[in-house]
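Both complexes below contain chain A, partnered by chain B and then by chain C.
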Partner chain A sequence: MDVSVKNLKTTGETALAALFAPSGAAASKALRQRAFDLFQTMGLPSRRLESWHYTDLKRMLANVAPRAATSAAANVDAEAGACVIRFVDGHCIGHSALPKGVTLRGLSDVLAQGDADTLGALYASVGSEDPVVALNAALADDGVVIDVAAGVTLDAAIILDFVSSDATARSEFMRCLVRVGAGAKLTLVERHVSAQASAQRHLALAVSVGAHASVSHVFEGVADLDVLLASLLVDVAAQGNFQSFALVSGGRLTRRQIWVRAGQATQVGLRGVSLLRGEQHADTTLVIDHVEPNSESRELFKHILDGSATGVFQGKVVVQPNAQKTDGGMKSHALILSDDATMDNKPELEIYADDVVCGHGATVAQLDDDQLFYLMSRGIPKTQAQAMLIEAFALSAVDFVEDEVQREQVMTFVRDWMMARGA
Partner chain B sequence: MLEIKNLHVRIDDKKILNGLTLTVKPGEVAAIMGPNGSGKSTLSYVIAGRQDYEVTEGEILLDGVNILELDAHERAAKGLFLAFQYPIEIPGVTTMTFLKASLNAQRKQRGEAELSTPDFMKKVRAAADKLGVPQEMLRRPLNVGFSGGEKKRLEVLQMFLLEPRYGILDETDSGLDIDALRIVSEGVNALRSPTRGFLVITHYQRLLDHIVPDVVHVMSRGQIVKTGGKELALELEKNGYRDYVTEAA
Partner chain C sequence: MAAVHETVETVKSVDVDAYKYGFVTDIESEKAPKGLDESTVRYISAKKNEPEWMLEWRLDAFRRWKTMTEPDWSRVHYPKIDYQDLYYYSAPKKMGDGPMTIDDVDPELLRTYEKLGIPLREQEILAGVTTSRVAVDAVFDSVSVATTFKAELNKAGVIFCPISEAVHSHPELVKKYLGSVVPVTDNYFATLNSAVFSDGSFVYVPPGVRCPMELSTYFRINEQNTGQFERTLIIADKGAYVSYLEGCTAPKRDENQLHAAVVELVAHDDAEIKYSTVQNWYPGDSEGRGGIYNFVTKRGDCRGARSKISWTQVETGSAITWKYPSCILRGESSRGEFYSIAISNGRQQVDSGTKMLHLGKNTTSRIISKGIAAGRSDNTYRGQVFAHRKATGARNFTNCDSLLIGNRCGAHTVPYIEARNASSTFEHEATTSKISEDQLFYCMQRGLSAEEATALIVNGFVRDVLQQLPMEFAVEAQKLIAISLEGSVG
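Let's look at the complex of A and B:
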């Protein structure tokens, strides 16, 4: 092979590499340097990397927007009791009062202190071999590390609120860690909703779920971003429970990538609905690694595609030799509303233990003509009939959103999205 | 009046209706009997406005107006109702939501105000009681897991709610137990009125003991080949279709 060709960098890669300027304690710098080296070796992922086969980031991130300057600190109000931590243009500007039992440190403080445990959880997490996770490790110099003390039950959610100040194209690099102590209980919202955004957002969120702890994660990805690369890196200790629901819409390119390491007798549930139209491209790629016995995982994703949108789902359930009695089930269903929309659907099982129950299913379908005709024959106009069927399609995943208010918000979003379609 | 004139219909390249002519007058119950595959369900779908059939000739007039250009939902709002031979299951849509959407969509098209929830509930409850449909069924997803007979009852319940001008019943009797057949028939009879007509498709004379037809048509190979009074059904029950069905050339 011609070495000079191999080393040829795209303008995107070169622009990203130029942003590398690690600060902090020697230990922090060393970890970020290692990540940067990995990124330099791998470059931006293209179709040749299996886990990125359907999202050619090398091509889609040709133009890298300039990094945002720091944002001014500001007061942040709580929302109906929920604690809000706000990031503007990639910088944490403040937060509302922290609930009892919750502590927060800024990423730059953590990097300056360089304590091994925290750095390990931040940088040596699952997924660290992925080039985009590595890129994030190298470049992210803002973020928060949140600790929820053992045994604490938070009644209201913690909201990580990512907003853009205006529609200027900017690059944002953030890395957050949420450590949930043994037996604690938390709802964690990751919110990308601000309208009028055109940012390129690079976010890695590491969550470590302590023994017997329980985390419900809600991803609201409806901002009109240019690029959203959101990595979720989850480690669930014995008897822990991690449930996540994602609403994905809006944005030119959304890539969610999730790694979950499931410990002994853990419960993991990952679900989501995506609504895409126009030229939107949204990729959900996940790996659930069952490393200890007796855990259970469930995935259910519904993709609704209109226009010439592209949906991607790649899910892999890995059952390690030691993970006997694993119970895994993964489903990904797509509904295609137009001839030009496409869905790449690839669920996989990788099983090395013999006493397990695992299954997966994936479908790509269009609206059912018989169902449409049945509704129309009762007087329901076509667009309304379609909306009813699409809502019904999304519902079985949305039903898993525990919080009633949030569940209703999601359904309202689905309905509004349909209405906009009919208009 | 519902008039079907010289209707020719095909799907893909297969001719299914071959110049079918039939009239249902207001106040009339017309029965259609005919062998499997003769095109009875096709006729009912074409009247209701299903799109995958190609009408190559003929017309369907509702009170003198050709409805072939109308969408299914517009035909429904004009008072056509089809009780399906095989009602469709729709997971994720509760029966109650569906009923309300149907009724209000029709009212809206006719320029009438939507029914309030209490008024709607009252209407549904009355229809459900009449047809022996338990309330619990209405909270389930539409037709999902309903028994064959339950589906048929729900079709008639819908007809009750929507109060069409012309009801087409495609083998509504199949799948019904003896009591249900009586209950459903009584329901249909209660809807009979001088302004409302019915087209009742069935294979069995038994239904016509309950819903006594004014006229019986025999359909074969996409045409009406014989028309008579209710005694024609009895004759068919005894002799089968041999006198009316000619072998293909």
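Let's look at the complex of A and C:
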């Protein structure tokens, strides 16, 4: 192969590179420069990069929208007791009153201060070798750093609310860090719900779960975005618990990528439901790295595909030599409702310790004719019977959402989606 | 219990360095000059007295190979291979030209095969204790030295001969099928093979014929610094059936040797091909010195409706295995099967699996893979199941289990499951575990030693696959498994 061919940049890559203008303290500049250099070397990922095997971002992000201008600050109200931190067009405009034990700093302040600990957690997290995470590190100019003090239990959720003001095509780059102190408990919602938006959203959320701490993360990805690249970078300290549930439905291209570094005796659960139709393409790629003994991880992902949608699931459970007694279980199930839909599954195990129990299961199928017949023979119309079966299929993953308000919202969405299909 | 006892006895009877086929046959060889360029390709072609079209085919492959780069996506690591530092052709010197009888074969060669447990004299086979007969094509370095039972197979209309002979005797079949399943441009190693392949087996089973006996090829690498590039082509015409076995060994040497084979299977309407491999190339010593680099492209084409191709493999040898026997399920209602036991010990690296490409309607496939990693080895299952948009009603079941023995080895599973229509049904399950303490305790409590108990449990673990092997091989494979795991217990 000719080397000069490789170095040719796509218009997308050139446009993204042109947006690079780091500011802040020398230490933060250096970190972002390093990330930018990595992106420049790797470029936008294509199918040639194994972790992007089924999502050719080089092709799908050919046209880069201009960067969004700053948004004016505004008052933000709490929602049913939950603290809301709102981002409009890629910029934090404000937040409702912070619960006790929670502190918040803007990304620009953190960059200007350049304290090593915070910068390390922000930029040297798991997954930082991925080109899209690197791109985000280089270009993200807004975001928040949230600290939850040790031992604090928050009854209501903290909601990171990402909103588009209108349907103008914009590029947004945000990077957030949530640090949960030892023994603290938190529900963290990441919400993308704006309809008729066409933004290209680059978001990286780093979560550091302290020892004995517990974090429940809910991802609501139902906004009508052009591109949503959401990276979740999680580090779980000993005895920590991290549970995440994702609802993915809107948008032309959604790529969720999750890295979890699981410490000693930790519990990790990653689950999700994707409802896709039309030309939608949604990719969930995750890597769980068990680095210490006695941890447990569970993954359960359900895809429901209609129209000519494409669902991708790539999951990798890594068990390092030291991580004896790891218990890992990964499941991916897909329901294909249309002959034009596509499902790609790649559940991987990479195991270097012998005293472990790890397994994965993956299925792809259509609705069961027998079950459908059973319901219809009892007088239920076909579309309704289908909706019932699909709902039941999705439910087993949704059940894991701990927060009642959030769980009900997800269920309502699933039902509405089915109704819209039946009509 | 008797089988277990036998397994354990076998384990005890071998030395620490357990490879028992590691001897060298002292025989004078004629070799192509070291290195690879167009003249090497011409040399091999001339040695085989090949027609012009065959030479052109090889040269075309060679020119393409020069533009390709070695693939690096698999989970195997090895120092860069110097393709100019190899002999691409080596033949025992005393081999005459053209066909010959078994009496013309160098007795030293016959002794070698006897030592390997492969009798080449038909009367010996008939006089032997084996109840069923197996026709053997014995390939030594780059040439086929003998093919048994040719006459009897001829009576049934079955063609079984070295591929170099088929180029002359059945050029129309070779021209039609060679490269039709694994195209010249398929991958780096297949293209290299297309340019320099020296021998291998050719099988054609005519319509409606059930091949009267098992066919088999025994591959032996003997010469130093020599690569073996064999090519096998098996065609089962409409309604035909053939079962084919393949075995391989090599001497112990400190340097690595390259083996890049291509196997092509074609099954027409209602035909069935059963292909079994017991791969026992020299795996290198416990420190990872020496051993065979096994880069093999095996692919079956279920071209006709209701055709069936079944791959069964027991992989215990080779320093590096890179091998993905696949099925292209083109014919309607055709079926592909893959049964595999891959055992790695010492510093072996295995990256093996299968591809099931569902293209026709109502095609079905089944994958059962058992990986056992011991010592400091790495054992990867890599497989693809794909259903084309038009492959409605496609079904696949995949089960891959891995067993780890010791905490310095690795077991990995990398499946690609790709559905392109609504009526295909795929099921995939994989597990990784170690031999459970409970099972071991249960066995030992009943008086078995740790080694015996492990052998019993491992035999149970791989039983699904062993059952798919023809009888003659199943026994050998069972023993092999015991040997490969020797020293890994406790």
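The criterion applied here is as follows: the second predicted complex is superposed on the first by the 423 of 423 C-alpha atoms of A that agree within 3 Å, B and C clash if a C-alpha of one lies under 4 Å from a C-alpha of the other, contacts with A are read in each partner's own complex, and residues count from 1 in each chain.
Rule of thumb we're sticking to: a residue touches a chain if its C-beta (ideal position, glycine included) is under 8 Å from a C-beta of that chain, and two chains touch if they have at least 3 such contacts.
Please read all numbers here as calculations on a predicted model, not as lab measurements.
When both complexes are superposed on chain A, chain B and chain C fit side by side without a clash. When the two structures are aligned on the shared chain, A:Thr363 is found in touch with chain C, with no touch to chain B.
Across the overlaid complexes, the C-alpha centre of chain A sees chain B and chain C at an angle of 70°, to the nearest 10. Taking chain A as the reference, the larger set of touched residues comes from C, when chain B and chain C are compared.
Touch criterion not met for A:Asp117: it reaches neither chain B nor chain C.
When the shared chain is aligned, chain C comes close enough to touch A:Ala341, but chain B does not. In the superposed model, A:Asp155 makes contact with neither chain B nor chain C. Looking at the shared chain after the overlay, A:Asp77 reaches neither chain B nor chain C. When the two structures are aligned on the shared chain, A:Glu404 is found in touch with neither chain B nor chain C. Smallest inter-chain Cα distance, chain B versus chain C, after superposition on the shared chain: 13 Å. In the superposition on chain A, no chain A position is in contact with chain B in one complex as well as with chain C in the other. Taken in their complex, chain A has these residues touching chain C: 1, 50, 53, 321, 324, 334, 336-366.
Looking at the complex, you find that chain C touches chain A at residues 69, 73, 389, 392, 402, 404-434. If you check the complex, the residues on chain B that touch chain A are 48-52, 71-73, 75-77, 81-82, 84, 87-88, 90-93, 97-98, 101-103, 105-106, 109, 141, 158, 162. Chain A contributes residues 369-371, 373-382, 384-385, 388-389, 391-393, 395-396 to its touches with chain B in the complex.
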